[in-house]
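Multiple structures are listed underneath, in structure tokens.
Across the two complexes that follow, subunit A remains constant while its partner is subunit B and subsequently subunit C.
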Partner chain A sequence: MTTQPFISVNGLSVGYTSRTGKIIRVLRNVSLEINRGESVGLVGESGSGKSTLALAAMGYFKRGLRPLSGDVHFDSVDMLALDRDELQAIRGGRLALIPQNSGQSLTPTMRIGQQLTEALRLHSNLDAGQFSDRVVELLTQVRLPDPAKLVSRYPHELSGGQQQRVAIAMALAGEPDALLLDEPTTGLDVTTQAHILELLRDLARDRNMAMLYVSHDLGAISRVCDQVVVMYAGEAVLTGTTRQVLLAPRHPYAHGLLTSIPRLDQTRMPMALDGRPPMPGEAITGCAFADRCALADNKCLTEAPEMVGLSSGELVRCFKSDMIDRMPVPSRQPSRLNRPDDKTGDTALDLRDVAISYARDNWLRTVLSPADGGPPATVDNIGISIEKGETLGLVGESGSGKSTILKAIAGLISPKRGHIMLHGQTALTPRVEDRPAVNLRQIQMIFQNPDDSLNPRHAVAQILAQPLQLYFGLSGDALHEASVSMLERVRLGAHYLDRLPSQLSGGEKQRVAIARAFAAEPEIVLCDEVTSALDVSVQAAVLDLLDELKTQQGTTYIFVSHDLAVVKAISDRVAVLYQGRLCEIGSAEAVYTAPFHPYTDVLLGAVLEPDPDVAPKLIADDVVELSPPARGCPFQRRCSRKLGTICDSEMPPARQLRAGHVINCHIPADEL
Partner chain B sequence: MLLLLFRRILLGLVTVCIVSLIIFAGVEILPGDACTQYLGEYQADDELLTQCRKDLDLNRPAFDRFAEWAGGAVTGDLGLAVDGKTKISTIVGDRLQNSLLLALCAMSVGVPLALLLGVITGLWRDRLPDLIASTLAIFAMTIPEFVSATLLILVFSIWLGWLPGIVLTSASAPAAEFFPEILLPMIVLSLVMCAHIMRMVRSSVIEVMASDYVQMATLKGVPYWPTVFRHALPSALLPAINVVALTIAWLLGGVVVIEVVFNYPGLGRLMIDSISDRDLPVVQSIALIVASVYVCVNLAADLLTMLANPKLRTMYMRK
Partner chain C sequence: MAGTLHGSKASGSRAIGILKDLVSRPSGMIGLSLVVCHVILAIISPFIVPFDYKLQNSALMLSQPSSIHWLGADHLGRDVFSRTLMGGREALLVTGVATPLAVIWGGFIGILFGLVGGRLDEVLMRVVDAFLSLPWILKMLVLIVTFGTGIEVLIPTLAFFYGIPVIRIARAATHDVIARDFVWAAKARGHGRISIIWRELLPNVLDTLMVEGAMRWSWMLLAFSSLSFLGFGVSPPTPDWGLMISDARGFMSFAPWGVIGPVIALSSLIIGINLTADALAKALGIDRAQKAPM
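After this line comes the complex of A and B, so read on.
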């Protein structure tokens, strides 16, 4: 009894029967052990089966999926043999799940209090009269402000971070012995994520829980987990301690994954991991990773490797685990700051004192309360000049106005005040409908999610034909040739022309979206979180592609992302925004090294590096502000270095530090 | 919230005004007028025609007459029918009552049945109960009403002799006297509306049951039926409100075919009769009433949706 691990998964295969009657396996012979007080990370790209494995640990399989072989034990109970009532007693009680997207996992029609009370009624021994006190206690435990008021709120009235905390409180309601976490911080701001992870660490330690932490984010894993299991194509390929896996991975895939992550401390582009993992059901002879592996030889292609133990303690599924040192490492590319040929000195775009407001003028409200000047503008006082061939990165948390600025440049929303000047001389017409075709061609936009931005019923040929016909009047053979050459430039072949978006992988879709933007031969490309929906290995490839296209064409990029490391890797200059106001702007190098604006300091401190030796520093609370303050510094309410009333009442002065490095703060430059 | 309510009501009023203008103008530009119709074969007699127009006040400018008609309509006085004696409000009032009665009966059977079947077919998707109910629903939707009505008359009143196949009660009779004659038209109507609502509810239930929050409820250890009732149905039934509203509006104004087949003295049949009699004042009045019903029912449905949906409710309440 004592030797049995708390949670154990043994040789588990999970699959479904396809329409042709074939059994498709999405998990292949996976084993996993977690002891009490231990935290295991499960890493892999989307489709690697990591969520399926986590849900299987609860005895749950999504519609259509079923266990094919192997077993799952939780505290010596065979989870796959339990009936519905027995499962209900364990789920949410001793074994709780914290879901990926709490915004969608909390029932929208039930108040927070009702949902927590339900969990208590199912899984605690309390009397009905004690529920409401316990609910408040749970909400306090996950450090939510004003819990007494929160119980009567609906999920949609909470911010993403608060929703995630409610989900954690709900999991704690059953006093669990084990937690399963399915990407619990994906989609949250960096500061929120760092705070949630600290909370989870504390809870796990205090309650001596076993945790299974599913994530594609190695930074988060490094913060929370003791052990890591790397999954690839439904198999575990590497198991070891967090330190072993993150610092000296002994599997080529884990190695590739780590080098594809952009780091804050490096001024280089991350290295792309080419190719894509095999689809479930695809015939695999030999090692599943062989066709993407730099070390693969004939044996790898024909013979499937077994999981073997190494003398250092890891388990690895690779014939070449002793040769990882010979894997290519990213060459230290010179930082783009040292590539002056990118810059020309001409102005591409000039934002002059731009203010943008989403609040619509409502005649009825104006009549009823004319004195009310309306809420402060969403984006205000933005003055940035962008050079031709430059990449400007815009960073900030959600609500910082970075995407709003892109929309204004694209003409999707009209600025309330100020001008956007093309080439520093022609003012762009506010509304995209009124813009001359030449301006439309010059400015192209690439969106975050290609699933939404590509018409699902248009084949790739049709998607690429639109800009080519519209701006260059191409047709027939010329159109075909131009489309093929566009596809080749984004490293896709002519055979992609008649595919529909649904037949492409996430990375391929984003390449098509990039090809569509570049087909217009734009001068300025607006990138709105273009890599946020992609796996890290794919992200590296897309960044690489964007960089290459820019070098060829001298394109100007405005690159919006919440990921500070990504922005650092690709940008020449970086602007830090908070609540739609500019905090700091300067060369990437200057912004990412001291002196900092207090907000930049908070952001950088919260970034999680995939390195167990680097702990984030949490300076400010992760409060979510819904609207900017009416006067003074935008960051006044969260700043840890606030001077006093001057911050509340007066706009901070622009302090010029080095050439082009400006920090908007009341604190004198030499104290920043 | 109040602001929104105010705006929606204002918008509804404007809609009704515009509709009434269109109705009035439409009748006005038709060739001939109430007198040429009323006098019929005598209309060649210019003197009679002039006299009649004078009696009916048709010589005044169209705008004046619209103002008077519209003003009357607001106070419930719809004027006189073309015979110059009967008050329109009495004829139309009786018929409106009968239509309401039929609609109420059909709804009280159709709506609960539709919701129940929709939930059952959604939960047992692709299994036997779903296959049977969905197939029947397709039949109910595709077979024209007059065919199903005739079939039902054939089966229940001619072969089995259980129910009367035709309504013989006079239009002004009290509601109780319509039973059991009203049962067959009621069944036909509930079948058609039931099929529409059921299919909507079914797809909505399927979507919600596949949502993250229902999966989460299961993984929280909530048993199956509480999951369905507490977590799934409140969201899944929301879209039904608007479909039900549309159906109600259709029941109150548009069931012409059924009323004719069963000889039921409702608004739809009065409309048809008045059109063939060229009793234009009555046609105008019915059109106005039907338009108002549509506006009111949709307004009520939107308000109800807003109250039932926490997202909308908090958006307007807490501001």
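After this line comes the complex of A and C, so read on.
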């Protein structure tokens, strides 16, 4: 390159001094270049230093961290040499950050208009009189509906996606030359995420901005970025174009990351990337990735590879970059215990016309308008029968009632109507407090975030002892033995017994949570987004473990996730929910291939594949509805194939397509 | 039992870990040293004081600090240094007993309110708010004037009034913990209410209560000294910092040494407790002063 790049990071090392006086390096000798109009993606597992690098690019270091060597230039200005005021003038103005959780970055007590005006006052040269016009202009630019009305709203009145758009509008207020995005779509629904990414893509192109996009999601990266830098243990290990990195990665770690992602076009289980990255400060001899690498030999263990240029243009930190095609690829099929030919026919769980409502009975309303039955129930008309040994996937966006259904089965919420039958004959008591002990043991639940579902003050031994003592009355050596055997079944050793959750990695915590559920020897395990708080490589390992435990015990799973590819990888049957109503149910193959319910079509279209050749298909708007419509089809307001008034007034009929594949839609079966 | 055995081992090492973390922080080290010094001095002062705290010597009345009377003498000719050394005994005894009492009763009620939840909780908390809105000194004086100023009145009075703000904290901590998934998980497994409170809730609320207790202690010391200053705490001639400051206040323009000793003693103890409480909160990971956001 002949000209100086717009943003350049050169040989940057960042670290902190530990209590013992040792210098711990979080970033090690990282270089990065971004030109105007170019978008660079930073990927890696949590703890790889990607956020630290992005923040360093704007001259910001979290408390305790400091640059150790190297330099950072922004438009030929040395960012590390600037003082506070000079940095402040650049940040937020010419160089803007869009953080992960923008709901928290907006001031809750300020109206949207005020917040944007504030940003304009600080970072633009406009006269005060022009502010209000510019605010509306910015909100229009980020494609928010009805901007004139929106300015007087408070952040909590907006959905997550709308808040993220406001955060983008604020970042644009200073007419920035560069945007730093730190996981800007993580935590958003698939359709919202796809729309936000399209917006970012267009903005970057139209305004010729430089973008640095930090994400663990290779699908998002593939949509937005031209170049990708793969980070591992504080180092850049692979730099190349998005196409090169995603389609033919030349580093074993990047290859491993890609194979650990479940894909819609695969029926195989994703492959787990075993082991864990070294912690900052851990002594590394040789390549940092060597102990997790299938290709590593003696040289990799003793000699640290340098970043070298390949003839195809990538930069790679690996001795074996020409041997990547010998890396193992996923081959294991998920255990489909319940193949059509060997159906046991035994029902594990039967949901019969279940309705659940969070709304409390209000005597005032009952008196005033007794005819009106109150707001529509959060979950309604759910009739699903789950066979023994089957995995039922529940998918849908946030607010679709997936978790609510799980809670009702677990007895944490009482249904308003309907029954949940165990083995097709015993009706489960609604409240968990009233259930007989045997039913309690038979149904176990695994939660989304192990940080939250494991008591931080209990050691692993205590965590596992809880079900073992409660259901089997074990104590002493028997308890110890049972705990150790549970740990071994989730591939953890006995030495984990003394550890507290804070001493475990995210994947290890979730394994402990799984062990705790399986210690009860349950028949039915409810999995609530069990992999969404985990890194992709860890996610694959957890999915693999769940599949293995199911094979051993013939457990029935109800697996809730917003990630359609994950659900496809593990489920036998899939139910698609919208606003607490069933849209489509059938075998995984049937649901994921045409014909679709219009909503399934929208969901599948918005899935981002880590492949630059696959563009998402955006059908409906990413409107977020807060409550289901009072009558008619739940999807009526967003449906692009709406027939007419019949959709607004009548519940759609259940159309049986093939054996067990049901779509609830007014559109005739042959036109779907 | 293997489970509890491992548990107690883990919690034992946790306590040691927290103590190590505490003293490894400058604020924890300084704070804890100050507090420990004060407690030791309070215990041994009767045996090491150079003069009897009651001994009046009219010849020395308001005399300047000298090599014999290091901090001079007060208006009755008593040795200020000796009186300062012994002036914290009463305060430490009263607050040292009243603080745990306040934390226990306030914590108990707060956890109870937090668990009950709903409208009853709201109503009860408004009663607590109403109570907190009255100036503390007024409430306390009413009780002390009614029942007298002995230790047997001061301890329950301080414990009662300083337990009320603890209710708020304990209730909030309970609300935070019961919303978390591990409580739901225990409920879904079918554990009883008592077991959930004892094993899931309490260990997590206790951290907050410990820090709260330390903060309450320093405020209670100030309150006790204020009562003494007003003449409702310790009765003369027992030395007490608040009382000494009150007595020497009138002569401050020409004999400031009477005030300086007790002021330094009282503030060093309160600063010590506050520093320890801060470091403890950080060591427990419940630091309220979060890192500066972006």
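Observations
Please note the rule applied: the second predicted complex is superposed on the first by the 650 of 672 C-alpha atoms of A that agree within 3 Å, B and C clash if a C-alpha of one lies under 4 Å from a C-alpha of the other, contacts with A are read in each partner's own complex, and residues count from 1 in each chain.
Note that in this section contacts are C-beta pairs under 8 Å (C-beta built on N, C-alpha and C of every residue); 3 or more make two chains touch, one makes a residue touch a chain.
Given the structure is predicted, the values throughout are model-derived calculations rather than measurements.
Considered on the superposed subunit A, subunit B and subunit C are sterically incompatible, since they clash.
Shared-chain residue A:T426: touches no atom of subunit B or subunit C. Shared-chain residue A:P99: touches subunit B and subunit C both. Once the two complexes are laid over each other on the shared chain, residue contacts for A:G411 go to subunit C alone; subunit B is not touched. Residue contacts after overlaying the shared chain place A:S312 against neither subunit B nor subunit C. In the superposition on chain A, A:M170 makes contact with subunit B only, not with subunit C. Legend: residue contacts after superposition of the two complexes on their common chain; A:Y154 is shown touching subunit B, with no touch to subunit C. In the superposed pair of complexes, A:Q466 makes contact with subunit C only, with no contact to subunit B. In the superposition on chain A, A:A119 contacts subunit B only, with no contact to subunit C.
For subunit A, the partner that touches more of its residues is C, with subunit B and subunit C as the two candidates.
With both structures placed on the common chain, the touch criterion links A:R63 to subunit B and to subunit C.
Note on the superposed arrangement: subunit B collides with the subunit C stretch 131-139, while the other options among 131-139, 149-157 or 203-211 stay free of clashes. Common to the subunit B and subunit C contact sets on subunit A are residues 55, 60, 62-63, 97, 99, 105. Looking at the complex, you find that subunit C touches subunit A at residues 1-7, 9-11, 14, 24, 180-182, 184-191, 199-200, 203-204, 291-292, 294. Put simply, subunit A touches subunit C in their complex at residues 19, 55, 60, 62-63, 97, 99, 105, 410-412, 432, 435, 437, 440-441, 443-445, 447-449, 452-462, 464-470, 475-477, 479-480, 483, 497-500, 516, 520.
Residue ranges of subunit B in contact with subunit A, taken from their complex: 3, 7, 210-224, 230-231, 234-235, 309-311, 314.
Within the complex formed with subunit B, the subunit A residues making contact are 55, 58, 60, 62-63, 84-85, 87-93, 96-97, 99, 101, 104-110, 118-119, 122-123, 154, 156-157, 170, 174, 364-365, 368.
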